[in-house]
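Just below sit the structures, each encoded as structure tokens.
The two complexes that follow have subunit A in common; it is paired with subunit B in the first and with subunit C in the second.
Moving on to the complex of A and B:
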């Protein structure tokens, strides 16, 4: 053995290791740094404008000029809209995901085509969903409304939820399905009683990711849900949303209204955080039976 | 049709894509006996077993020709209801697959699907079958715990109880002790011997000693071909085919 050669090789391997470690640490620092900066900015700029009336009142006359009121209309509107859209997306995602994983054959062309379509849909910018929703609205003679917003955002959420859920359901071991089949269960019974239970945390994550995208999206609701200072009382009324509230407030020339935009962003962030925590807390109760 | 055994396999061939896994297999599996399917790995043992309750269905590129009669009904006939076929058989897989639910719900899974019992009797049904599988004493105080918390050996007996609770006539085992420790293996073997009074048992095994311990009837598969089958004592003492002899003496494995 050539001692000096192998020592040099070892040194080179070690320095590669060091360089890669440094890169990882650097990337991590950037990511965490950005997160801290974003949240910090929102809180720093929004805190002075934050008060109870922000979340308990709808905008009063002249709110966008700096007079009193709050953004309760947008908070409630966003919750309505994102909840409706998420339920809609679940109704379409779950059958698709269960079909391509449990009904379709493993090398099924239809399943790969479905996955490919979902990937393409995922990549479509949300403004396109908004424009598409707008065309549909005009076709049916609908005005901008909560319903139209729910449809557009539901469409936006659908591929995200489906693909995220698909990755989870794919991991269910074949043998688990066979165990259920061999007891005389049909595919549907197996899907609903075994697969959904086994995948519950993953499915919950998929729903939350989609919900987060839906509630935070401005472009898809711009034409479809419209904007209003009132809280909608029917599906056919327009609805305000937090992203648009942020957008409109940031667009005013008044610093105190711009501050409120940051406060609204903070409210949106906290809202998503609370819902995630709540859902995970609820989900935990059902994870104890999962087969590893 | 003359009176036949529960399971009668007639000229069964199975292909995965272009590869023929089973070649023209015909065998009547004797009722209320333990039949062991033996043979070297990759010879088609598991395929033969899975063909008996149509678990091959979901796999891709599987083609089946020939007939498998269960109680005189061809299970591969398009008119046959697959869930009815499967209900007649309890399956033990290589690794026990508990369902993601409690111990109680695992056993109650089948009865609930098939609506065999009203709710008040469900508890009795679960207890009865857990006793039958020899697990009751170990789990009676923890029926609501996740099944995944049981040891692997306990899980295999839970799977047995779960299979029995669908009131099958046949128990299929795909190397049911291969993931178990010797103690648990022995436990499962003893259960199978007890159960053959009331059930027809078919077990795939690659352990010759296990086949000798439990089997009444032997089917020896080699490269997809059913080389020899007959009463265990006969096959072990006096194999007719040279390939069987070679396998039994460890020349081929």
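Moving on to the complex of A and C:
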């Protein structure tokens, strides 16, 4: 039976389908378009203002008024800071991740509590890490310095790295652990020789994700790392960072200096793109030890 | 290792306690009500009313949610239910990258594009004159920043819904959208709420990008074309002088503590929902 009413209803259902499909495709386009637009704008505005002295010189006198110099201090400062913070985060993340996956019993309460806490830590805004870093700094009588910055950013990176690493280590087949135990290996040997090796590409990706987050974060270093025109030579000296350099340059009333902020933003963007490409590339390489 | 494993759980508490200890001087001296519901903000005179900043945060967060939720959910549905594999593979790194871009970059982009867009195009459209440094500009930038959070959590939720349920609906003659509507969205409702709440808490604490485009005017906003001054921006802007004015540092630490409490509440709520969703799927 093909009544006109049901045909009309079918048509309506089909057009509803089409409308939603179009809206979804449009939404996806918005999301992709935003990324293209952001990176495009930054590179397009940044490239004309870029020159070699930007990345090879530290700021000379009056740099923020439009005089000569570059932002080498901030680039090196950010690299120092993010490297230190990443090492600190590895020292805490790796044991935690190995423990909750290999030592803890299956369905252990401690493991789920830890995952839960890591998720919650992951959601804490970086400005709060900055404020907490500041409190620690005062507590230990430190001044704003590379070390204080490393502490704050390390705290920020810790849950990001742990959660990313946990996702990888969790995927290790149980049989692999059991095979290793049955050959007489201790848990520690299994963790370090079997699991870390098996997960190496994923773990490196986790480290790089955290590193990228550390290099780009501004709010946590604002209180803690300070800012200086020189390249720090010790952990107790203040350090400039790339995000803050961008922020300060953009905040000046001089168009030349604002141009440099765009160039610095382009440098940071390229750096982040490189890191995420590397993270992807590493995921594909270094798979030779992996037992499928 | 066992000791280290306890670190994450204690760290949350430690941060909270640290902030409150530093904020105690102001809590001890000023009445609770005047701190949170007074609009008077002049640290030099000893007035620390956080109300305009709390409202600033709420406005910006609300605008970003209104913009981000439909787009993110539709994208997530598309990626999970409709998109062919290559599209999905192509989109994943894009969403990761969107999540990985530093907030300063979002801020610079906002200043370059969103602020002029709001000031010269959108505001005149509504017959308002505006510099562009507004709640709306902050909301737009924030919306893009929370796309990845909502999309990836929603994707996880959708993938936990058993496939046979969809097949049952399709085999009864439903169209694909009807299946999405009655099966996927219905079964995934709790998880979707969790995804939105996580996006919300991300937006709530975002600092640099918002700070750069929102105007930073310590007044109660009345429309999206007013400038605002969210809590994180307040903390970030005044770190320099806070040690030289009495109680100023305590007021800022209180702001940070409030921020943390709110974010913790939303995070714990969302994670609890997600744990339940996960358990049911397993």
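Operating definition for what follows: the second predicted complex is superposed on the first by the 252 of 292 C-alpha atoms of A that agree within 3 Å, B and C clash if a C-alpha of one lies under 4 Å from a C-alpha of the other, contacts with A are read in each partner's own complex, and residues count from 1 in each chain.
The rule is short, and it goes like this: a contact is a pair of C-beta atoms (placed from the backbone, for glycine too) under 8 Å apart; a residue touches a chain by one contact, two chains touch by 3 or more.
Note that the structure is predicted; figures quoted are calculated from it, not measured.
A.B. asks: Considering only the touch criterion stated at the top, classify A:95 as touching first (subunit B), second (subunit C), both, or neither.
C.D. replies: In the superposed model, A:95 contacts subunit C only, not subunit B.
A.B. asks: Applying the document's definition of touch, where does A:278 land relative to subunit B and subunit C: first, second, both, or neither?
C.D. replies: Neither partner.
A.B. asks: Who does A:209 touch here: subunit B (first), subunit C (second), both, or neither?
C.D. replies: In the superposed model, A:209 contacts subunit C only, not subunit B.
A.B. asks: Going by the contact rule set out at the top, does A:7 touch subunit B (first), subunit C (second), both, or neither?
C.D. replies: Touch status of A:7: no partner.
A.B. asks: Between subunit B and subunit C, which makes contact with more of the residues in subunit A?
C.D. replies: Result: the larger residue contact count on subunit A belongs to C.
A.B. asks: Identify the partner contact of A:197: answer first if only subunit B is touched, second if only subunit C is, both if each is, neither if none is.
C.D. replies: first
A.B. asks: Answer with first, second, both or neither: which of subunit B and subunit C does A:179 touch in the superposed model?
C.D. replies: first
A.B. asks: Looking at A:155, would you say it contacts subunit B, subunit C, both, or neither? Reply first, second, both or neither.
C.D. replies: In the superposed model, A:155 contacts subunit C only, not subunit B.
A.B. asks: Go through the superposed model and pick first if A:65 touches only subunit B, second if only subunit C, both, or neither.
C.D. replies: It touches nothing on subunit B or subunit C.
A.B. asks: Which of the residues in subunit A come into contact with subunit C in the complex?
C.D. replies: Residues of subunit A touching subunit C: 13-14, 16-17, 20-21, 23-28, 30-32, 34-35, 37-38, 41-42, 45, 92, 95-96, 98-100, 103-104, 110, 112-114, 116-121, 123-132, 134-136, 155, 158-159, 162, 209, 212-213, 215-219, 222-223, 243, 246-247, 250, 261-262, 265, 268-269, 272-273, 276, 280.
A.B. asks: If we count contacts the way the header does, which residues on subunit A are in touch with subunit B in the complex?
C.D. replies: By the definition above, subunit A touches subunit B via 105-107, 173, 175-186, 189, 193-194, 197-198, 288-292.
A.B. asks: Considering only the defined contacts, which subunit B positions touch subunit A in the complex?
C.D. replies: Touch residues, subunit B against subunit A: 53, 55, 58-61, 83-84, 86-87, 89-91, 93, 95, 97-102, 109-110, 113-114, 146-148, 159, 162-163, 166, 172.
A.B. asks: Can you list the subunit C residues touching subunit A in their complex?
C.D. replies: It is residues 1-2, 4-9, 11-12, 15, 18-19, 21-22, 70-72, 74-75, 77-79, 82-83, 87, 91, 93-98, 100-109, 111-113, 144, 147, 151, 175-178, 180, 198, 201-202, 204-208, 212, 232, 235-236, 239, 252-253, 256, 259-260, 263-264, 266-268, 271, 275 of subunit C that touch subunit A.
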